[in-house]
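See the structures that follow.
You will see two complexes here that share chain A, one where it goes with chain B and one where it goes with chain C.
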Partner chain A sequence: MDLFTPLSWNDTGFILTGVLNTVFISVVAILVGTVLGLAVGFVRAESSKSVNILLGGFLDILRSVPLIIQLILFSTFIGAMGYPLDPFVAGSIILSLYTMAFMGEVFRSGFNSVPMAMRKAARSLGMSYWQTVRYVRVPIGMRAVFPSWLGVALSVIKDSALVSVIGYMELLRTAEQLISRTQQPLMILIGVGLFYFMISYPLSLYGKHVERKMEI
Partner chain B sequence: MDNYEFHWNVVFDAFPQLLGGAFTTIHVSVLSMLLGIVIAVLLALGKMSTSKVFYHIANVWIEIARNTPALFLIYMAYFGLGAYGIHLSPYFAVFSALVFINGGYLAETFRGGFQSIPKTQYSAAKSLGMNKFKVYRYVILPQMFRRIYHPMTNQFVWSILMSSLGILVGMNELSGETQRLQSTSFRTLEFFIVAAVMYFVITKLVLLAASLISKKVFKGEIS
Partner chain C sequence: MIEIKDVHKSFGDLEVLKGIDLDVNSGEVVSIIGASGSGKSTLLYCINAIEKINSGKIIVDGVDVHNKKTDKNKLRQNLGMVFQQWNSFPHLTVLENAALAPQIVKGFTKAEAEEIARKELIHVGLGDKLNEYPTRMSGGQQQRLAIARALAMEPPYMLFDEVTSALDPELVGEVLDTLRLLRDDGMTMICVTHEISFAKEVSDKVAFFHEGLIEEIGSPEEVLDNPQRERTQQFLSKVL
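Coming up: the complex of A and B.
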């Protein structure tokens, strides 16, 4: 009797689920993280030192504790408190917060990159404070930090692989399960690596291209 | 909400083991960083060399390191090489994946730092009568080091944080040790809270040391 069944075309659906789940959780984390990061970045660029120290301390924790520990800690915590969440929900909450912590810094420097003279010029043209934010600082500042934003987004796609520890069936976890059934680790892993590479490489090239264009 | 009782005693009893784990974490990150730097220098030279072969080897290495998840590379070292009959220990699998990634990322940092120094400085130093060694020793490298110091610190912190993936291959660094200890005591929450605090402290200490060193070495020229 054969103990292991080799990889076959029947596994396509299973792998595809993993691919879609990886894409899904990455997109959710990047979207939520960007929105939250924009808010955090704005608050950090505008507020006083004391608020900044508090907020900065919180973001610091998110950035100085390994993501994998955060995921385990959060899912254990909500379980112990009696509100177990779906791995996808728990994973996207933590991944989004993690993304927010990095995006916040990116956007903060984006808001600060618009020179004071330009903001004052906008105000003296009769724009209200929020109008200068909406029509001057967001469009100009955010364009300046686009390459960094893309860098963070790419690292989120790669870090989404860690959500597998709390039981979310993303690509790397499906691969792991296929490996334990088929015992063909090399082929499966190379396929997985190629998938990540094919998403990440073109985007990183694009980021470099934009960065080069901005320098000139 | 209120019926979870924290039991910290188990964690305090196991504290020496956690410290041992933390030591392994620092150990693997320092070593992977040092070897990573050596490889990064070679890769950066390869990427700037005129030889097509070296250029392509360096390029492929750098792009794979930068565009695939760290966890994938650790699995590759641990399970993937196993298919060739090369069975690495968990420590060595994590170590080699970190070296691979550090090399790739730092190579780009080094290349960027090197290229940010205008070529005219080289000619100017030459015209002052310095030989090639002196130009690099006194003009190019000190400036370059200043520019790559910060990214290098970040990469080191990243290595510390990413060595936590050792938990998934059964390595006995801080998170792996935590996992092992919580599985025998079932105080998962307490153990992981302590581990998180320890990671935070390690990271902060490294950053503090880095900023003190930079103040000493660069005399406050960079923050």
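Coming up: the complex of A and C.
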């Protein structure tokens, strides 16, 4: 029996599973990170200095510590506590929090980008505080930061490769296994790079389309 | 009727309003003139409850504006306000800008709100811009949109805070024409303005503010043509 076997069509399903897992965990992290980031960004924009220092400190830790270290520490810590988590769940939690930390800052600047005078104009029409948030600050502020949001989302797709270190069978880990079996790293890594491009590029195109539509 | 009684307002140590008394009757146009920092705009913000007052009372149609129990959002529906900057909502078309508040605040259906908005936009001469985005319009057109947006709430009172001062000189006329239109409709208005000749033409009463107090108040002829107080005379000699 050969120790190494070349890449074959039989590997297609294995590779596709890796692609789908990358897409899946990226979508979860972007969605959860966006929702949590909106809440965090709003609290940051509206809160007192003391709340901001506390929350800002927490977000700074999430943004400053490399994702790979957060993934390993969290996974190990949870396991040591006697609650081992499935790699997808552990990876989703950390990747979502990591995304939230970046999205939170993006959305904070979005909320703050709506001038106070415009908020007062909305209130002077009889709108309540929350109506002003819902109908003025969110749509105007979020348009202003859409390109930054897109940048974070595209990074998350690429950062999702790091979840492989805790055993999640995403695209890069799939590739690693194929490389160790086939000893064809160059071809496989080029292929993986192409897959990442094919996942990211439609989002990038969609972003440009949305930006064009929002150009007023 | 708007009744302002001994209103004091401070920002930190700086007392901006030092005891203002002013009555505005229904159908009346009152212009407030004075140097920058004399408290003119602050008074409008206090009438609209955008700013709190330190003491005194402001009563609009019997409702104490600064009473804690007063529903400020409901109150503001009766007090349309237009600012120095037009503050159009850039993500909405002209029609949507004017229809938003009637729809979400007053609870009209989208079609009803747009009908009201359309009527007011046509009234201020923006009937051909309904589907335009405000950022593509001139400052004067955007300011007229701001007026129509406030009017779409059908308020009995309108407050204007130096609505022409951010405009290029050639655009001032169209906005003043819109205010004349409202005066002719019988709208009750308080206009903080630097346009003295406009104040003279449209006002029933002119109040000259100086350092947080009403220095002189009366008919345009009394205050602008024959000012009795030295400070009013000095101010008018500088601006006329």
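The working rule: the second predicted complex is superposed on the first by the 199 of 216 C-alpha atoms of A that agree within 3 Å, B and C clash if a C-alpha of one lies under 4 Å from a C-alpha of the other, contacts with A are read in each partner's own complex, and residues count from 1 in each chain.
As a working rule, a residue touches a chain if its C-beta (ideal position, glycine included) is under 8 Å from a C-beta of that chain, and two chains touch if they have at least 3 such contacts.
These numbers come from a predicted model, not from an experiment.
With chain A as the common reference, the superposed partners chain B and chain C fit together side by side. Across the overlaid pair of complexes, the angle with its corner at the CA centre of chain A and arms to chain B and chain C is 100°, in steps of 10.
Legend: residue contacts after superposition of the two complexes on their common chain; A:52 is shown touching neither chain B nor chain C.
When the two complexes are overlaid, the chain among chain B and chain C that reaches more residues of chain A is B.
With both structures placed on the common chain, the touch criterion links A:179 to chain B but leaves chain C unconnected. Looking at the shared chain after the overlay, A:159 reaches chain B, while chain C stays out of its contact range. Residue contacts after overlaying the shared chain place A:140 against chain C, while chain B stays out of touching range.
Of the two partner chains, chain B is the only one that A:193 touches; chain C does not reach it. Once the two complexes are laid over each other on the shared chain, residue contacts for A:112 go to neither chain B nor chain C. In the superposed pair of complexes, A:126 makes contact with chain C only, with no contact to chain B. Taken over all C-alpha pairs, chain B and chain C come no nearer than 24 Å in the superposed arrangement.
Overlaid on A, the two complexes show chain B and chain C touching no common residue of chain A.
Partner chain A is touched in their complex by these residues of chain C: 48, 50, 73-74, 76-77, 79-81, 83, 85, 87, 89-91, 100-101, 104-106, 133, 135-136, 146, 149-150, 153.
Looking at the complex, you find that chain B touches chain A at residues 1, 3-4, 63-64, 66-72, 75-76, 79-80, 82-84, 157, 161-162, 164-165, 167-168, 175, 188-189, 192-193, 195-196, 199-200, 203-204.
Residues 61, 64-70, 72-73, 76-77, 80-82, 154, 158-159, 161-162, 164-165, 172, 175-176, 179, 184-186, 189-190, 192-193, 196-197, 200-201, 204 of chain A are the ones that touch chain B when the two sit in their complex.
Interface residues of chain A, counted against chain C in their complex, comprise 115, 117-118, 120-128, 131, 135-136, 139-140, 143, 214, 216.
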